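See below for the structure under consideration.
Note that the chains take the letters A, B, C, D, E, F, G and H in the order they are written out, and that residue 1 is the start of every chain.
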Amino acid sequence: MALGIGCSSRPGKAGNNKTGSWRVFKPIFDHDKCTKCGMCKTICPEGCIEESEDDFFIPDETYCKGCGICAEECPSDAITMEQEEK
Amino acid sequence: MALGIGCSSRPGKAGNNKTGSWRVFKPIFDHDKCTKCGMCKTICPEGCIEESEDDFFIPDETYCKGCGICAEECPSDAITMEQEEK
Amino acid sequence: MLEITEGSHAVAKAVKMSRPQVIAAYPITPQTHIVETLADMVANGELDAEYITVESEFSALSACIGASAAGSRTYSATTSQGLALMFEVCFNVSGMRLPIVMTIANRALGAPLSIWNDQQDSISLRDCGWIQFYAEDNQEATDLHYIAYKVAESVEVLLPAFVCFDGFILSHTYEPVDMLSQEDVDRYLPAYKPFQKLDSDDPISMGMYATPEYYLEFRYEHDQAMKRAKDVISKAGKEFGEMFGRDYSALVEGYRLEDADTAIVAMGSLCGTIKDSIDEMRLAGKKVGLLKIRCFRPFPAEEIRNALSHVKRVAVLDKNVSIGAKGAVAIEVRDALYGKTMPVLGYILGLGGRDVRISDIKNIISLAESGKGDQFYGLRTEVL
Amino acid sequence: MLEITEGSHAVAKAVKMSRPQVIAAYPITPQTHIVETLADMVANGELDAEYITVESEFSALSACIGASAAGSRTYSATTSQGLALMFEVCFNVSGMRLPIVMTIANRALGAPLSIWNDQQDSISLRDCGWIQFYAEDNQEATDLHYIAYKVAESVEVLLPAFVCFDGFILSHTYEPVDMLSQEDVDRYLPAYKPFQKLDSDDPISMGMYATPEYYLEFRYEHDQAMKRAKDVISKAGKEFGEMFGRDYSALVEGYRLEDADTAIVAMGSLCGTIKDSIDEMRLAGKKVGLLKIRCFRPFPAEEIRNALSHVKRVAVLDKNVSIGAKGAVAIEVRDALYGKTMPVLGYILGLGGRDVRISDIKNIISLAESGKGDQFYGLRTEVL
Amino acid sequence: MRELRIHGRGGQGSVTAAELIAVAAFEGGVYAQAFPAFGVERRGAPVQAFVRFNDHVIRLRSQVYEPDYIIVQDSTLIKDVNVFLGVKPGGIVIVNSGKKIDASVPAGVKLITIDATSIALEVLGLPITNTTLMGAFAAASGEIKFSALENALRHRFPGELAEKNIRAALKAFEIVKGGA
Amino acid sequence: MRELRIHGRGGQGSVTAAELIAVAAFEGGVYAQAFPAFGVERRGAPVQAFVRFNDHVIRLRSQVYEPDYIIVQDSTLIKDVNVFLGVKPGGIVIVNSGKKIDASVPAGVKLITIDATSIALEVLGLPITNTTLMGAFAAASGEIKFSALENALRHRFPGELAEKNIRAALKAFEIVKGGA
Amino acid sequence: MAENSCELFDSGHRACGGCGAALVSRLLLKATGKDVIIVSATGCMEVFSTPYPETAWKVPWIHSLFENNSAVASGIEAALKKQGRKEKVVAIGGDGSTFDIGMLCLSGAFERGHDFTYICYDNEAYMNTGIQRSGATPYDASTTTSPAGKCSKGNNRPKKDLPQILAAHGAPYVATASIAYPSDVVKKIEKALNTPGPCYVQIHAPCCTGWGFEGEKTLAIGKLAIETGLWVNFEMENGVVTRVKKVVRKPVESYLKEQKRFRHLFKPKINAEEIAKIQAIADKNAEKYGTDLKLKSKSGPVVP
Amino acid sequence: MAENSCELFDSGHRACGGCGAALVSRLLLKATGKDVIIVSATGCMEVFSTPYPETAWKVPWIHSLFENNSAVASGIEAALKKQGRKEKVVAIGGDGSTFDIGMLCLSGAFERGHDFTYICYDNEAYMNTGIQRSGATPYDASTTTSPAGKCSKGNNRPKKDLPQILAAHGAPYVATASIAYPSDVVKKIEKALNTPGPCYVQIHAPCCTGWGFEGEKTLAIGKLAIETGLWVNFEMENGVVTRVKKVVRKPVESYLKEQKRFRHLFKPKINAEEIAKIQAIADKNAEKYGTDLKLKSKSGPVVP
């Protein structure tokens, strides 16, 4: 691998850093309560909440740091944080 | 003479530079017209107009650059600029 | 008193005991712990100084100029980008002959940005007319601050001084340090008496400009002051030794050098690792020694020449590089040894925090023995 | 076409013909005439470039970073305090591998402030990873700009370059200069094709930071690029010679050096005066020659060693001083000559505009012959 | 010279643990050196810290590559970081975990697991395990005396906070001592 | 090599005079070099400028210490500046003055006085004497042809301004030629 | 690996969990879309998003130094103009880089009138280096260089009024926003991008690590700042305030007590005098910007 | 030699004859008296007054660089405070050092609230280096870096509003003055010195050399600037304009046509369009500050 001249790089490698390993708590999404408002996706600092095929929102565990913002901000209280057993 | 540490100096040497030699025109003060208002002294950029014993104002030829401000600003038109013959 | 403490805290304490009256500094990793500790001391009334939280390093050192010119003992600390930003001001301080002391927690210079240790920052300011000390460990880092003030403020010198210690490697390391008491410090370093100052009772103009009639002479005087500093450092270091048992009279220090075939030359914390390596190599029968440069400015050319005259080869380790040339220490050591014939080889290593291990030192000695040098050492060729 | 013109104007014309797309500069004596001329060209539609009147040199070079990274050929000019203020940015530009060309109208560095010539400014940035050219006269100053762009932008190099010429002494002097035509320049220096650039169609991140895993390798690559620049400079200089009759393939140039006993080493406009002095001394039977260093970074150590191997003594003239050490050129020349035995003596002279005359050069040769050197030359002892 | 490596996450106090262990060792007359793996890591990211113990002055400044002791503050790290890397034969690894560890320790290395989180929660009311693990380390390694640890904690933390931490450490100390 | 030194005041165009003389000399096939005494002088302060003339390339970069020619733009300078300093034996000094100069020129040096101010006032309507004195210099020294001076002035100044300056220079040229 | 094409700011970055600044990055790129060039100053955002070679930015991005993002942006803007390119130019920096060390380049770029948008993510201290005071640090906040202590109540200067300062530079559009209101952030950035000339958007970005609260509260804290009047969301066009977020104000305590940086105002005992001073700051803000929502009842501003 | 003890600024300095900045030096020291420390930035004033060893300053004076007088002053102020000394601290710089390159240190010092007075002598360009554009250069003025030419009408940016910018920094006293009214200059400096905190006085100092007029007209030109409304003399206390010099306004031509820097607006032919723009600037000033003297007659402002 050659170095990127001047310490430059193309996008695409940030994902190598799997920040999911930082997580202590894990957001659990309750699709029964979810109104699909999309707030969680908007405000997740990791940008790791995706819309699934059925319009529900799910966190990408590879990157979710378990910060709990989504749970705190979900207007429908559809998300709860649980201590994770890895 | 030792150098002033760090290129410092006590006051008193600016006068070594006799800026009167720069002068081409020379201010001539007409004491008959002068009202002794002091404006000329206030505004001379050289600070070279002195009050004489009889309260009149006279330029110090050693430093007067002949800029003509005093003549221009004298409220009594008591100063005229004359080309100097050195 | 011997106490175990973080390097930065030890330095901050030494600074506090030096009784600076004005501190102006700007945070930058890995200098932060020093200035945070000082801020805390001020906030808690343990240190009676004006602490200016400036908006940049440029202002930090500029504020120090003002404070020092107004007659106060003055302190700052920085590193890397911060020191680089001070470059113009640094030349100014020294040319104005203001005895400011500044700690440098050595760190690499960008681009690329790196917060990790090497000595590019202070080395690249080697022309700027400041005294430069490099500490091997936190004991030295601490003690050198007292010495720095004493030398800087001496009327024969009147020059500012860097006390450099390796960022993180020393600044963030807990280890035992023998701290002086305030009384000891006061005995060694009396209250500051400025040589001249801004004072309306005796006005002077400072920092005037010099026409071609005077400029060369001012630079000469500056250089002479730096040369006089050599003796003053020796005396101050000796006095320190006499008072407190640790002698810093030498600008360079040998370790197992007397009978060495191969001498390593290095500065800063690397010297510790090298000493351990030397002990190991000595056990294996290799006659290796170290010449540590503690004071890089004034440059102890003669001392280096004397100390190395007998060795068969010299390996100079540089935690810096003058791009397109070599490591700065190697260049100057070769200059100092000009006329000698033993090979003097340079190795650029440890840049941007690349760790240097005992095995690395041994490898370098092997390289030197086989005549290979003047190169970067420790490259991960797989990423090139 | 040979025309008589001011050095600054000649340089400005050369810059114009190099077709920079963005110019950002901040006025400082004695660089002003260059940037004023360029501003005038833009104001009159003779030069189709964006001219940014920045608020400081820090921003000048920072704006150049932006412009160069966005894919434009970019130019700046400065000197002294201005260059000093750019110090941090200079390391940044080179580490980011942006091929910016900057003219340095060499001037002394304060304190004390001086607007007059020496070479402290660019010399004190010798570590910063820029190519450094020094011009002897305005012909060279002009030509070197084309070469600088060509070398800087070459994919083997991708490094910024200083073109240094002595402030006032060259910048403010009228003399005949052979100016190329725009067609000639276009043939020699084609339109700029950036190696990489900020572009939303092909996004990259530039100026990332390097952890200890990568930093050393980036610095190594930077240094290697500088070393590769040697060949590229030679080639570009040769090509220039082939096209226009003035060959710049050599990084160092001898004058009556072949049979010299005493060699003078110098850079910049001093070389002219030295050549006249040599002619006079030769007439008087003294075998004196000159080695002029045109390119100081990359440092042509081998070339210097080869050129000087036969002389009996070397006198290095430095218009700079690394306070507490020596002149920078002397140090590096001695490093280059390490292992040789002839005396290499340094003379620091001409600082802050102190005039250097033929008689001074002759005096220095006498000093060198009597083995006296490593000193300031030309002090007015009466003011010390 | 003996060397210790502590694995944890940003915010878990691994650096503090290293420092306090060094302080305690120093009180016991040992020359100690503690330092973090210098980095830009933020809260939650894996971090490391190191301690060296020696009978005389420590001059070595390289990082620790072959530790005699390893403390793992958080068993979830094991999945992502090779926490056992380089451990010396005969070394001791202390892992905070309430369960059996399935990762395999190198041969000849002693593995101690202790549920520091539970202890901390119980005694401190917070899942902050660094001081608890210090107690375990004191017991397992013998490098530091518990009384020295107590002093170090009292010196660092104010009043009741220090006492709580001491209690947590002591609990771990006794468990490990008992188990050993 | 011949050398010229011009004395004047900031604002009187001494540097321009030096440049234009060099330009004219260059047109005549001479290698010329012109440069100011670099300084921080402001309007009114005494200033100097220099020109060198040579048959081949000029490499020398020092200031001029022993001029062959001296031009003094303003006789009032004589009192304050040693304008004759270093003048070569056989040299020529041109002083702008309507009167006899009482300062004593070194032996063997030719002194030419010319009332350039009056000429300038008459022809240009301004007391700006630099171009007038160039004419005098051309006549006295023979270093530059008048036609070359004309070209230089036309190149530097726009239209009528150039012509006026040429007329002033010519007047001085003729006076000096006549007087010589 | 999450190859999410609409998301221009990649996961895997190294911000603390719950980082407000990380959310700014995401919202910024949502507002700009791909036709933008970002210039980032040194600081948390740069550090958490671009360790070589793992950049989180999928748009052209450049970092040069801590102090010069506005100047770099100036150069980019000039180059784009010369090349006839149409990308928008955005400079982004933390409050330290913006309020303090970057002021030279910032003031210069605004004076020259370059067409670019400057975003300050304001976490009210130098976070990347360990929570030191900046010109944006609020009154009385304890930081590592303005620590509360025996002789100190924390930072002793009011927050620098940079929006006003830049408006006085003649900036056509100046706005403040908060990550607590994400769509407002996006809207204001879009407006700045579409206003010719130098525009400024200052975004309140609470920092759990530096302010001392749990990461999940990041937006909640941001809301409290606005609800107490200690942060005002407003827009200024050509120097005139044109839009303000109105609130029913809460007492400042409700904001202060949630954060460790203000703990010394409550422990060991409540420092009513200092809290009153902070309340006065909020009151002045409310008055200056007219943030108080008049309730239907005629009870006036709901400040207890 | 003129040993004039009341005169604290010595004759023999090297300013051009008729220099407005030289008059500022004299008026400054008249206002300060001897118990002051002056910090001077690089620029004409520093250069004409302090070639070694001939200083014109009879009070303590220091110069360090072009960009840092505010920071040096900060350090002096801190040292004096620590030493219990009472001298006033004055930083002085030209418009280039103040508006442009000194902005970092200036903004920082004002943000920190040091007790000092900053004086800007505003000659509206970098004069010391040969008349280059600064942020204070007025619209359309031709300078060597904003030359009028085929594609240029001179400087294309309006004058930076530094008084307003520093007022937005919370400066308790901000004033503008002109050497055309010397006693007003002295009064305002005195007021600044006696107001605790960072104060700012910006003094219009016409430069015959740089603007292109005869030295004797220096004060006259200064008056015209005020009479045309292109310069407004005012005071601001805590951000509020408290005093304005009112005038019966003249058209801007009367000011412009006296100066070479505006010659291109009149020659080869009158550029009415540009002059109208400049008139609009004056009109805006007049409106903003309310400078227009209402004459007894009901004819309204006397703008033709």
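The criterion applied here is as follows: contacts are C-beta pairs under 8 Å (C-beta built on N, C-alpha and C of every residue); 3 or more make two chains touch, one makes a residue touch a chain.
Fair warning: this is a prediction, and the values are worked out from it, not measured in the lab.
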item: Common touching chains of chain F and chain C; value: B, D, H
item: Pair exhibiting more inter-chain C-beta contacts, A-D or B-F; value: A-D
item: CA centroid of chain B to CA centroid of chain D, Å; value: 47
item: Gap in Å, rounded to a whole number, between the CA centres of chain G and chain D; value: 43
item: Chain F and chain H: spacing of chain centres that average the CA atoms, whole Å; value: 39
item: Between chain H and chain B, distance of the C-alpha-averaged centres to the nearest whole Å; value: 23
item: Residues within chain D bordering two or more other chains; value: 53, 55-56, 81, 85, 88, 92, 95-96, 110-113, 115-116, 203-211, 214, 217-218, 221, 353, 355, 383-384
item: Touching two or more other chains - residue numbers and ranges from chain B; value: 3-4, 6-7, 9-11, 18-19, 22-23, 65
item: Chain F: positions in contact with at least two other chains; value: 40, 44-45
item: Contacting residues of chain H [partner chain G, same complex]; value: 67, 99-101, 103-104, 107-108, 111-113, 135, 157-158, 160-161, 164-165, 167-170
item: Complex contacts: residues of chain B adjacent to chain C; value: 3-11
item: Contact footprint of chain B on chain H as seen in their complex; value: 1-4, 7, 9-15, 17-20, 22-23, 26, 49, 52-58, 179, 182-183, 214-220
item: Chain C - residues contacting chain E, complex; value: 4, 6, 30, 115-117, 137, 166, 168-170, 172-176, 269-273, 275-276, 353, 355-358
item: Chain C - residues contacting chain H, complex; value: 21-22, 24, 49-50, 52-56, 58-60, 62-72, 74, 88-89, 92, 96, 198-200, 203-211, 214
